[in-house]
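Shared chain: chain A. Partners: chain B in the first complex, chain C in the second.
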Partner chain A sequence: MSTLTHERAERRKAWGFVLPALLWTFAFFVVPFIYMAAVSLWTRQGRETIHSWTLDNYLNFFGKPHLLQALFNSLEVTVIVTVISVILAYPLAWIIAERVPRRFQRLALVLSILPFWTSYVIRSYSWLLVLSDSGPVNQALVWTGVIDTPLALSATRTATVIGFVHFFVMLLTLTIYANLVQLSPNYRRAAADLGAGGLQTFWHIILPLTLPGIMVGAFLTFVLCIGDYITPQILGGNNELLLPQVIMLQLGRTANFPMAAALSLVLMAVVTIAYLLCARWLKIERA
Partner chain B sequence: MISRSLGTSLRRLLLSTAFATWAFSPSPVLAAEELNALVWCDHTDAALIEPFEKANNVKVNLKEYEGTGAGLSIIEQSQPGDWDVLVVDGVDVKRVADMGILGELPADIVPTSDIFPEVVMAENNSKDGKIYAVTEKFGYNTISYNKDKVDPADMEDLSIFWSDKYKGRIALYDYYIPMIGLTGLALDKKTADLTEDDLPAIKEKLFEMKAVARQVSDVVASQTALVGGEVDIILGGGEWVTASLAKERPEFDWTVPKQGAVRWTQSIGVFADSEKKDLAQKFVQYILSPEGQARLATSSCYWGMPANSKAGEHLDEQQKAALRWDEQPEYLKNTQLYPVVDAKMDAAMQDVWTEMLQH
Partner chain C sequence: MKALRTILSIAYAGAIYVFIFLPVVVLVLFSFQDGRLPVPPLQGVTLHWYGEIFSDSRLMSALANSVLVAVVSSGISCLLGFLAAYGLARYTLPAARLQRALIIAPMTVSTLIIGLGLLSLFGALGIFRSLWTVGIGHVVINLPLCFAIIYGSMGAHQVNVERAARDLGAGEWQVMLLVTVPMLMPSILAAFFLALTFSWDEFIIAFLLSRFDVTLPVEIWSMLRSGLNPKTNAIGSVVFLVSILLLLVMELLVFRKPRRAS
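Let's look at the complex of A and B:
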């Protein structure tokens, strides 16, 4: 009898801990999500919202090539940014974890994430100046004789990618570093005992063991990058539209909330697919 | 006992801090009233707003927007009474008044006789004999350029924008209504006569223009690109891009090509739901006064011709020259107002513009 009472009390206590989180998620995710899904089935005619349910917004999106292209552009840019960020962040994280003396590692990490301390918008505008025709990149290339006339770097997809990569390399460095410092040196010693060279040890031991850190960072990069509006808007020069820019056009110019909601749900579906792919690859369910 | 005395001390500290904050706050915090204005960026210049704030002991809260669509979106997301003053495209006043957004303005606060007759636009600013807004500033969406980098003779013909001669050196102004109007002019279509049937041909030309443009950008980004040398020409630009830079960068110029250009006008009115109509009307009167008009004409965001002809008395010769004060009759003759569009045409035009951006 007393065991039963104790179990009940424990269960109540457990619910007491979980309930606030559940209520929070319900109030600030489930309810808005359901509302947004419902709004996405309404339509906008002129400046009036028609409250009858239809799939018109989704059909419009998939039927108009210039809108669908925004999704493909977003996916392309996001994949490019994620791959480049991983390639740059891994060696940086490895150098900090393996080559920088332990007492300076914290300082090195702080220095590597220093750009995080400035506003995201200011950082994007700064890149606009850096990449401009009269900016330091072009000036240096002209001065060294690599090129005769400045390259058109600003207002391009390249500029957008550079702006993103600068931001996400810092994020990935943190997640990969956190993974690298947890690795026991015994793995490397064992590999060396068995005759493996440095490259073989990295390829067969270190890389697979740091894959969770890479994938967590890559997934975060994917999610933040594909939903970002500011960087492509400032650095892309409107030479192509990414999906968040198209969503903003719906909200900003026509107050077309139903279409914006439909596009946002498409974006959420893409992020969910990316999560499922990452989750399966990382075998998170076994953890 | 200890906690009670701590509580008393904290309370005293909070009270004294609150008193100090109140006593030594700068005057805007002490302003008796606040006025909320939904405006274009030229109204956000402190040199324009502060004299009104000081004279009336009021704080003017300003929110800027670009394009009537964006303005209407903000209004739709607001509560009645949130806004007091609206600055809107002259050609859209009727549409906005029809939606019940603007309230009637008393005729005696409008200096109609001082306003340049060509921009009074009674058919746009009034409805059923009632005045809903007043033109406050105007200018042209045409061609701005760096005369040191391009041949000025080339700028006299819009067809240069679908040739390769200045490929990669052109910025297109990111506002679909004047740009579609301007493209229509290049195709010999009057802005007032544009219909959905004209859009396919215009779209084709927009695609060609996009192919030779470096970027499609808003006011600030276009100006920055011209100043930074990324582009040498802004299609859709005009005196609003170059006049404020006339002193520092005399190489920047603008022209109206032989096909003509689009004339922008901005009107000011009071929201029908405003709970501070008297104060809002006082603000409108200030903006339309010769002093207010001179400040608005030379506002830091962009310059433009004041609607009130008496503003000239408060502008120096250099400012008048930058605004091309004496050449206005010729420009007014060779330019057309923005296309007036209904919601359906507006949506179709936005679709074409989005398609061009993605092209």
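Let's look at the complex of A and C:
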């Protein structure tokens, strides 16, 4: 066999390995996506879908306050959740990495993410229990005399934020911990040798070095949070809807697929913009 | 000073752990509630609600559906992911970078959007929603994951072993099945179990793409409409237990490597 035909045979074999995955992704990811983009340019009037190309859905989105408001609600909740989660998770990751003896670190870490493994729907439901009028939080507050009547915690934005923060504190503890343990102790030693105090070392050395890890975690938080339907739907109730809730509403009441598709693309655009904004800290694709 | 710092550390970590565990503890505790509402006070301990869920045929068939979809879709994801990783790591193909990017792409898109896309396409093609369509959706989200894990663990040292096998006369499939797969078994298993837990717990695609036969998260979702109910606590606790068991199995099977001295 000459080298050329041999090479060709090799290449054909290689395609055989890769093609199934490529075809699957193409047929069930790329094609539906293109189709959805096309659908977003149709419109729905009453019970009919008008198959003519128009930007009406997008214009409607920016023209109708309640739709635009959903996007702002989503952005607000997502940013609040991301910031609170990072602030809560960083010290915990730090304590596990620095204060817990090495052989217990793995256990401490596993414990800190254990509730991750409760079902996704169930996790929000559990918070509904915890925050309900007669739930443990309200009962404890009434019992200790902090408040007289139970706080209306469930079906509020606060409940949504708490539910989200709970999930993302676990996620971020994991990513930030992974970053902290990779730091060479030499940095700290060098800083100490040069006369830096604990706080100075943290602020000028540790924090900047762990920033990439924080950004990856924060970006992940942003993406997962802004696209989530369950948490706001179970915990937030029907006031101050978020974008994914509005998308799902389009499907239910009026079967307005074109509008749902357009809103989904808006959601994707927001995620893409967020990605571009923090792209220089993210090294997701390794060369 | 040092003592103060230790006390502060313990207090902080303790507070966050309470926050993290509060919902799980409340969930499990009130699954034993001897009463109609899963909120304090605990009126007594009963296994009544566990009996309820195991005699609920809808819930049990949803559970079976979930297991079926999770196992089949994770298996397909692993198979396709492994083959693609093998092809891309062992051969030079044109536009390999682009191919990798395409396979990874679904990981960067919200599952809501993937689900909606499939829903509208299946609708246009007249394909009925079923467990099959849910499975297809789950492979879409799990394939990138399986590919990334397996591709990431294909290193140079395995190439040498494969070359040695080939020099000794092993054919392509023999090399792959008898040399590469056993060497990569830990990461293949890790990919499989991770995909399994994702599929088992996935809601939005399963919700959008299923109709009569639903998976467990979708069935639980419809149970929520009846409000707070200890029965929901019971099924939630069972799901939690199963996930922890899966985690333990994974830990024992995959990460049982000899501990590095540290």
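List of remarks:
Criterion: the second predicted complex is superposed on the first by the 250 of 287 C-alpha atoms of A that agree within 3 Å, B and C clash if a C-alpha of one lies under 4 Å from a C-alpha of the other, contacts with A are read in each partner's own complex, and residues count from 1 in each chain.
We take it that a residue touches a chain if its C-beta (ideal position, glycine included) is under 8 Å from a C-beta of that chain, and two chains touch if they have at least 3 such contacts.
Treat the numbers as computed from the prediction; the structure is a model and nothing was measured.
Looking at the shared chain after the overlay, A:Pro185 reaches neither chain B nor chain C. In the superposition on chain A, A:His166 contacts chain C only, with no contact to chain B. In the superposed model, A:Ser134 lies in contact with both chain B and chain C.
Of the two partner chains, neither chain B nor chain C is touched by A:Pro101. Of the two partner chains placed around the shared chain by superposition, neither chain B nor chain C is touched by A:Gly145.
Between chain B and chain C, more residues of chain A are touched by C. Under the contact criterion defined above, the residues of chain A that touch both chain B in one complex and chain C in the other are 128-129, 132, 134, 234, 251. Partner chain C is touched in their complex by these residues of chain A: 10-11, 13-18, 20-22, 24-26, 28-33, 35-36, 39, 88, 91-92, 95-96, 99, 102, 108, 111-112, 114-115, 117-123, 125-130, 132, 134-136, 139, 166, 169-170, 223, 226-227, 229-230, 234, 244, 247, 251, 257, 260-261, 264, 267-268, 271, 275, 285. Of all residues in chain C, only 6, 9, 12-13, 16-17, 19-24, 26-27, 30, 37-40, 80-81, 83-84, 86-88, 90-93, 99, 101-106, 108-114, 116-118, 120-121, 123-124, 136-137, 139-140, 143, 147, 172, 197, 201-204, 208, 216-217, 220-221, 224, 228, 232-233, 235-236, 239-240, 243-244, 247, 262 touch chain A in the complex they form. Considering their complex, residues 67, 69-70, 72-73, 76-77, 99, 168, 174, 214-217, 221, 224-225, 228-230, 342-344, 346-347, 350, 354-355, 357-359 of chain B touch chain A.
Partner chain B is touched in their complex by these residues of chain A: 45-47, 66-67, 69-70, 128-129, 132-134, 152, 154-155, 234, 237-241, 246, 249, 251-255.
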